[in-house]
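Shared between the two complexes below is subunit A, which has subunit B as its partner in the first and subunit C in the second.
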Partner chain A sequence: MPQTAGTLDSQQKTTSRRPAGTLYRGNTGMWSWVLHRITGVAIFFFLLVHILDTALVRVSPEAYNAVIAQYQTPIMGLGEVALVGAIVFHAFNGLRIILIDFWNAKYQRVLFYVVIGLWVVTMLAFVPRHLINVFSH
Partner chain B sequence: MTSTIEAPRSPDSRSAKKSGVNWEKWGWIYMRVSGVVLIVLIFGHLFVNLMTGEGVSALNFAFVAGKFTDPFWMVWDIMMLWLALIHGGNGMRTLVNDYATSRISRGILKVAILVSVVSLITLGTLVVFTFDPCPAGAPADLVASFCKSL
Partner chain C sequence: MSSATIDQKPVVPEEIKSFTVTLIIRRFNPEVDDEPHWQDFDVQMYPTDRVLDALHKIKWEQDGSLTFRRSCAHGVCGSDAMRINGRNRLACKTLMKDLDITKPIYVEAIKGLPLEKDLIVDMEPFFDSFKAVQPFLMNSVTPEKGKERIQTVAQRARFDDTTKCILCAACTSSCPVFWTDGQYFGPAAIVNAHRFIFDSRDENAAVRLDILNDKEGVWRCRTTFNCTEACPRGIQVTQAIAEVKQAIMRGKA
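Showing the complex of A and B:
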């Protein structure tokens, strides 16, 4: 992109030493993108397994119950906390991406902190109840 | 200080054609539309299965039988299956375009993604529509209570 010498565009005005005006390079923009990819891949591979385990209802009640019992162990219970944490982040950050695309990109940083805040609230509602269900049985 | 930042294009994705359907645009739109719908579907799924009653501890064959005999949950789960697998498969395709550097590895990985998505959509759809909540010979304590009246 050619730039006119002597005039500063809005990107350069906010530049210190690092190229700025980039949503996805450095700081919150980059880390939300990295987390979105990592959580997305993790959720995808869980989804593959989850469809296979649910398909066992077509094999026999015993086969399905044997596998679902594994999801009810303490270790998998903690895994479900991680899974729900990944899904909730991916969901809220996905809404943030949509707002950046269709509304206004200049709020991406504050929206990232909104995502983190909503994630904390959602996990506070989920984790205690889930852990009681896991560890009281 | 001036520095030019390259446009954030994956170096290895196929270049856009001059005419015809812009599939990348429709993929981009699909990710956003399906994403919004999936938030409703998956949050509802997680709430009903993990938050109500005794949560994950209450899940068993009879619980699933109750859902897969209810048209509401059948439609819910089929929509989740299709939307989530295509959303996830397209996301994985993006990662392959970004990180797999050789043409052959991209081809193999994308075929693997396509095969996984198509086969799991087929499997999941068949399971929901051919499900038998009261299989013959199954112990009465493992199946739903409504099987007794059959």
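Showing the complex of A and C:
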């Protein structure tokens, strides 16, 4: 399709809707690293809260019981699914990174799919049992 | 016999189809602009043309102010690394037929180094890291007159992969760790250190391992494999970094 000079001009003047650069289109390696970071930071904040709520028993056993009762609500039960999902991914992907550094970087992509596979299997085993517990109490 | 040849039609070679490709280029002129902005260009291209040909066509026929580096234009000098459709590539090695030309092609400068103009970045921080790993042969023994430093085929093969580097910065500027603050040595410097660390003729592997056993050295590698996928020479960059990590831990090359 030949372009006339007029349309070319107007197109040349088009400044884009996206002033920032494009998102780097990395592959499985980059996205597994991004997920590893996100799950790592999330687990850190969980541990922080968990240490605080456990320490509460030294302050006041009643307050501790009240907090633990909050944890037994279904919303927290679903939160625990997310927590276990994050920990399981972080653990398996951590083993993958160790294998990359100490064994062979060649199999990183295969190992990523192994991590996803193991994650799915672990979650399939955990989630139904856990949700039955959460919603039957 | 001769009359038969007169009746034959002249052989017309099949016409190779060209098509209109839209390139969206991230422009920045430090004398006028505060911020980079995107600009669209339409060019007529053949499937065998490269992104570099499209940039040339724009510069020569549409907008002479478009600024980019290129030298050999055949994937050897490493001048024209840029981000094409979100991935670091050499413009001279990226063919139109390998891109999805139904959509516009996004071209922008590599990330993590100071932007100077359009597709040109300041490469000095990149070369500083390269210089810092002492990328030259260090050997105190002078070979006999007229002789060479002998090495077996296996010894040469040990570091063959990392000799291929052309210092285009595609790997270093694809690294999320390098983007954060630019302090990390970066894949390219480590690749060039690897080339001498594992060279049997070199005596100063320990010095380079010590340089890279730094807070900003090999330990900042998070194995995202962006460098390995970006390398236009197909160097297994992440593997090379892992080998340097292991050499540091074992205290020998």
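Basically, the second predicted complex is superposed on the first by the 112 of 137 C-alpha atoms of A that agree within 3 Å, B and C clash if a C-alpha of one lies under 4 Å from a C-alpha of the other, contacts with A are read in each partner's own complex, and residues count from 1 in each chain.
Keep this in mind: a residue touches a chain if its C-beta (ideal position, glycine included) is under 8 Å from a C-beta of that chain, and two chains touch if they have at least 3 such contacts.
Computed from a prediction, not measured in an experiment: that's the story for all the values here.
Of the two partner chains, subunit B is the only one touched by A:His130; subunit C is not. With both structures placed on the common chain, the touch criterion links A:Ile100 to subunit C but leaves subunit B unconnected. Contacts of A:Val121 after superposition on the shared chain: neither subunit B nor subunit C is touched. Taking subunit B and subunit C in turn and counting the residues of subunit A each one touches, the greater count comes from B. Contacts of A:Asn27 after superposition: subunit C is touched, whereas subunit B is not reached. Of the two partner chains, neither subunit B nor subunit C is touched by A:Ala66.
When the two structures are aligned on the shared chain, A:Glu80 is found in touch with subunit B, with no touch to subunit C.
When the shared chain is aligned, subunit B comes close enough to touch A:Ala91, but subunit C does not. In the superposition on chain A, contact is made by A:Gln108 with subunit C only, not with subunit B. With the contact threshold set out at the top, residues 1, 3, 12, 15, 19, 22, 24-25, 97, 101 of subunit A are in contact with subunit B in one structure and with subunit C in the other. Those residues of subunit C that touch subunit A in the shared complex are 20, 22, 24, 26, 35-42, 62-63, 83, 85-87, 106, 108, 111, 174, 176, 222-226, 228-229, 236, 238-239, 242, 245-246.
Touching subunit A in their complex are the following residues of subunit B: 1-5, 8, 32, 35-36, 38-39, 42-43, 46, 50-51, 54-62, 64-65, 68, 81, 84-85, 88-89, 91-92, 95, 116, 120, 123-124, 126-127, 130-132, 135, 138-139, 142-143. Here subunit A touches subunit C in the complex through residues 1, 3, 8, 11-12, 14-16, 18-19, 21-30, 32-33, 97, 100-102, 104-106, 108, going by the rule given at the top.
Every residue of subunit A that touches subunit B in the complex is listed here, in rising order: 1, 3, 12, 15, 17, 19, 22, 24-25, 37, 40-41, 43-44, 47-48, 51-52, 54-55, 57-58, 60-62, 64-65, 68, 71-72, 77, 80, 84, 87, 91, 94-95, 97-98, 101, 126, 129-130, 133-134, 136-137.
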